[in-house]
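In the two complexes below, subunit A is the common chain; its partner is subunit B in one and subunit C in the other.
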Partner chain A sequence: MDEVNAIAEGVWGRILRMKILYFLIGCAWLHIILSSQYEALMLKEQKMLMADMSFFLAGLGAVLSVLTLTFDLSKDLRQGTAIAYLSKSVSRTQYIFGKFLGTVWVGVVVTVLIAIGFFMIHNATYGSLPVVMVKAHLLIIISVLPMAAIALFFSTILSEAAAAVLTVATIWMAYSANAISSVSMLYGGIVPDLSLFNMRMEAVHGTQFGWSYIGLAFIWSVVYSVGLVSLSGIFFNKRDLG
Partner chain B sequence: MQNAIEIKGLTKFYRGKFFRLSVNPSLDNLNLNIPQGCVFGFLGHNGAGKTTAIKCLMDLIKPTKGSVTIFDLPVDSKEARKKIGYLPDAPSFSSHLSPNQFLKTCAKLVGLDWQLRKQRIEEVLTDVGMLEYASNNMGSFSRGMMQRIGIAQALLNKPELLILDEPLVGLDPQGRRDLLTIVQKQKELGTTVFFCSHILSDVEKLCDSVGILSKGKLLFAGALNQLTSSDGIVVKFPAEHLAIAQSFMMQADSSKKIDDGGVALEFITNNNWQLIKRASLPSNVIIEAHHGTLEEEFFKLTGEDTPGNT
Partner chain C sequence: MDSNKKLIVTFICCFVIAGVLAIKLNRVQHQVSPTRKLVDNLPVAGSQKLLADIQWMQFIQYIGRQKTLDKSSAANVEKRLNNIIDLDPDFAKVYYDGALVLMNDNPDGALKVLEKGMLHPIIGRNWRLYMLAGHILIQGERANRHAHLPINYNRVKRAALYFKKAMNCADSQNYVVNQWLQAEAFNASETASHLTQLQTMLRLYKKHLTDMQDNENEMSTGIFGKYDTQEFIDKMISEALELRQESENQKGLKALLDEVVLTVFPNQEIDPYTLRPYPAGFRFSPQTGKPLKVHGVCKHCGRVLKGPFCWYDGTDNVAEWNKSKH
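On to the complex of A and B.
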């Protein structure tokens, strides 16, 4: 496990040290603050706009965080960093699992920071914070797991550009539950059902959903991620590197 | 003595378009044993298959056929990896990291205790002359500096087997000398060194054994002195006997001027030097055994002429 931690630390240690990341999170917070000012435009429903904006930005932050993996892995392989690491006593499976965990941690930090900003702004503006908002944000944070697994899978078999495009396309498809729900084999199976994590509508309109739902979504995302990371491991182990 | 590396029947065909296997193998039934403590130079032209062989040794690419063991351990085992230090060909490690950060991750991966990490990183950076750049971003490093960092990470775990893929490429004369000193030091410590290089004079200086690879096939593997051993004679004619030298010029394999204005004739082909042996030569004509250089033997084996020979 030390080897996995070392690889994971290499990923999050590097990304979380980037100043641009905090600048972008600051921009997200500013956007949330500004959206609370559209009183006339939103016919005094700007609270909903602000909540919706925070969910959108947290989701975007999660997608961008997992996309770093598609570039990171290919770059490491191309530059020889991965080869230097893999020449030590670390297996290929441990290496990609470390990359996965590091990316998940980055995604979690980014989405948590955006959510915390929103909670503080909401609380300061309206004096309260509905629990459903916290729950919906929690689901976005959990969604980092399957999304990172998708990014890892494509990066282990494809070049960085192809992996990034296919990752975005798959995530988009996975969120478009209505569009593909008729293809039962794909929906909720090979392509994950990420609409499970999309509770923006419920949160904005104050419709309650239980903690058990979040628990089940978490279990599903862990199982799906373990499956896909293992599959990625099989492909990565068979691949010629360098 | 235990072999550090054992390669049996190693064959590699790369896959091309539509996953079809290439017609010509990159490695063709390579068999090689490298004893522990040996400094082995792996030579060959570009595309001969040296890097492919090294990548098979490191389990970075999977052979089509054959097997590799390191200290009798399978090449993909963690125990084998713990004994290896590897410098990849033309490394360009993450440009956003400093050598300290990069080597810290490497130190964790080789299982160095956290108390020892800082000290060991400083030691290897000192060895490769990069201590003053330890905190600089590697993005600004030249190829030679990157090569030194690559050597530093390979030495981090005090390896029993050091595998260096073109270690001298990109190094300035000082860097080359430093590297040769490092290899020499490792040799004295009993480390097995396996390296491939195009700089034959350096290989000749350092290696006990060499392997010559051409088009994926091993043409020679053995002790360096076995390759460059006596295989003919050199007859040195002083200036006053140039006329006699002239009469043998046609039979000689090559000739060159010597310091006193005389000429040295090389007779490598058997029939020619038998002729010289039978001739009665003046007493101040010196006959010596001919020792081929590694460069001459390399070109002879790979079927090319030695550059600059007359």
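On to the complex of A and C.
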């Protein structure tokens, strides 16, 4: 486990040290603040826009964070860093699991920072923070897990550009996967449904949902991610790294 | 078991469990948010709500740019509203404000928007939607009546139905009852005069009394729903007084007023000036100062009765007491 942690730390330590990351998070906060000023343009529904904007930006932050994995893994393979790791006592599965955990941590930090910024801005602007908003943000934070697993899967079988494009396309389409919810063998198992983490509309309109839903969503994301990381491991074990 | 075999087993187990869990989660999600199935399943990465907000801003700016709405721009407005509703069916403001924008130039389009809102499990409880729908339906027919054009009574009936629904909504205002009565009166007569309105009120009140008698053992609220019957009686008496002031010599008016008073206050002495019952012992009307027929007093000493026998001189006043007891 120490090896896995070391690889994970290598990923998040490098990315979270980038100043540009915090500049972008600052921009997201600024955007949220600005959207609270759209009173006339929204006919006094700016509160709704502000919350929507925060959800959108947190989701975008999550996608961009997991996208780093597609470039990171390819870079490691190209520069031989991966081989250096694997020549020690680290197995291939441990290596990609470490990469996955590191990316998840980056995604969680980014989405949590955007969410905290939104909570503070909302509280300062309107004097309160509905719990349902916190829950909706929590779901976005959890959605980093399956997103990172998707990115890892494509990184292990494709080149960096193709992996990045396919990761974005899959995440994009996974939000509409509930259209195939009646196909039981395919839905949720092979095809991920990220719309399960999309309770933005409900949060904005104050529709309550329980913590049990969040708990169940978390379990799904862990189970799905473990499955996809295992599949990635199978492909990565067979890959010629030379 | 080698590493790859373990991974394959893990992968298969996880995907089967994830598939089962996802179906359960999807079901819970639809239970929590029943309107989710109405949302347009556009591939926009789950940002339908944000798109709806952006389209709402564009809609407001589009309306701001229009000096008046013609046929094509009214159709465009309807299309834009429907797009927003498809993206976010829970956006309550779109239904009412959108219908307000459309109601003059595209009343049928406005009605369609409102009817979509009425189908919504939460927004459909808002009395304003029904009130506005009723208003849109009846306003055109009112204009037709003034212009001596043919009136579509089906629309008037629908308007009355909507006003009735508005009345039955939890937080509706009292003036909805007025709208409902006006629609009922309009429906009853082509002229929709005050006389017809009073006749309609009387008819509805009689129906209310019959309903209450028929459902004596049940907790029936009659046709007025949550509205207090006393409010309706007050309204009817005010209407009667207004009518008498307007056209005292109108044919059939006196008979109608007598019928109203007899139906509303049976077996009671009525102040002919205020059309309301007055207490025992009153000699003059406190409102008009005009003389009244005294009732509920002892036939011997003239004191106000407190029982069948005079409290002052013991005279037997059983008949008068029974009469005034009402």
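One rule holds in what follows: the second predicted complex is superposed on the first by the 231 of 242 C-alpha atoms of A that agree within 3 Å, B and C clash if a C-alpha of one lies under 4 Å from a C-alpha of the other, contacts with A are read in each partner's own complex, and residues count from 1 in each chain.
Here, a residue touches a chain if its C-beta (ideal position, glycine included) is under 8 Å from a C-beta of that chain, and two chains touch if they have at least 3 such contacts.
Since the structure is predicted, the reported quantities are computational estimates derived from the model, not experimental observations.
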Side-by-side fit of subunit B and subunit C on subunit A, or clash: fit
Subunit A residues touched by each partner, larger count belonging to subunit B or subunit C: C
First, second, both or neither for A:Y224, with subunit B first and subunit C second: second
Angle at the Cα centre of subunit A, taken between the Cα centres of subunit B and subunit C once the superposition is applied, in steps of 10 degrees: 170
First (subunit B), second (subunit C), both or neither touched by A:D240: first
Which of subunit B and subunit C A:S91 touches, first, second, both or neither: both
Touched partner set for A:T81, first subunit B, second subunit C, both or neither: first
Touched partner set for A:D2, first subunit B, second subunit C, both or neither: first
Touched partner set for A:M201, first subunit B, second subunit C, both or neither: second
Minimum C-alpha separation between subunit B and subunit C after superposing on chain A, in Å: 11
Touching both subunit B and subunit C, residues of subunit A: 91
Touch list for subunit A against partner subunit C, complex: 38, 41-43, 45, 48-49, 52-53, 55-56, 59, 91, 93, 171-173, 175-176, 178-179, 181, 184-190, 193-196, 198-202, 204-205, 207-210, 213, 216-217, 219-220, 223-224, 226-228, 230-231, 233-234, 237
Partner subunit A, residues of subunit C touching it in the complex: 3-4, 7-8, 10-11, 13-26, 28-29, 32-33, 36, 39, 41-50, 53, 56-57, 60-61, 88, 90-91, 93, 97
Sites on subunit A touched by subunit B in the complex: 2-3, 5-7, 9-10, 13-14, 75-76, 79-81, 83-91, 238, 240-242
Subunit B to subunit A touching residues, read off their complex: 14, 55, 58, 60-62, 76, 78, 81-82, 84-86, 88, 90-97, 101-102, 105-106, 108-111, 150, 153-154, 157
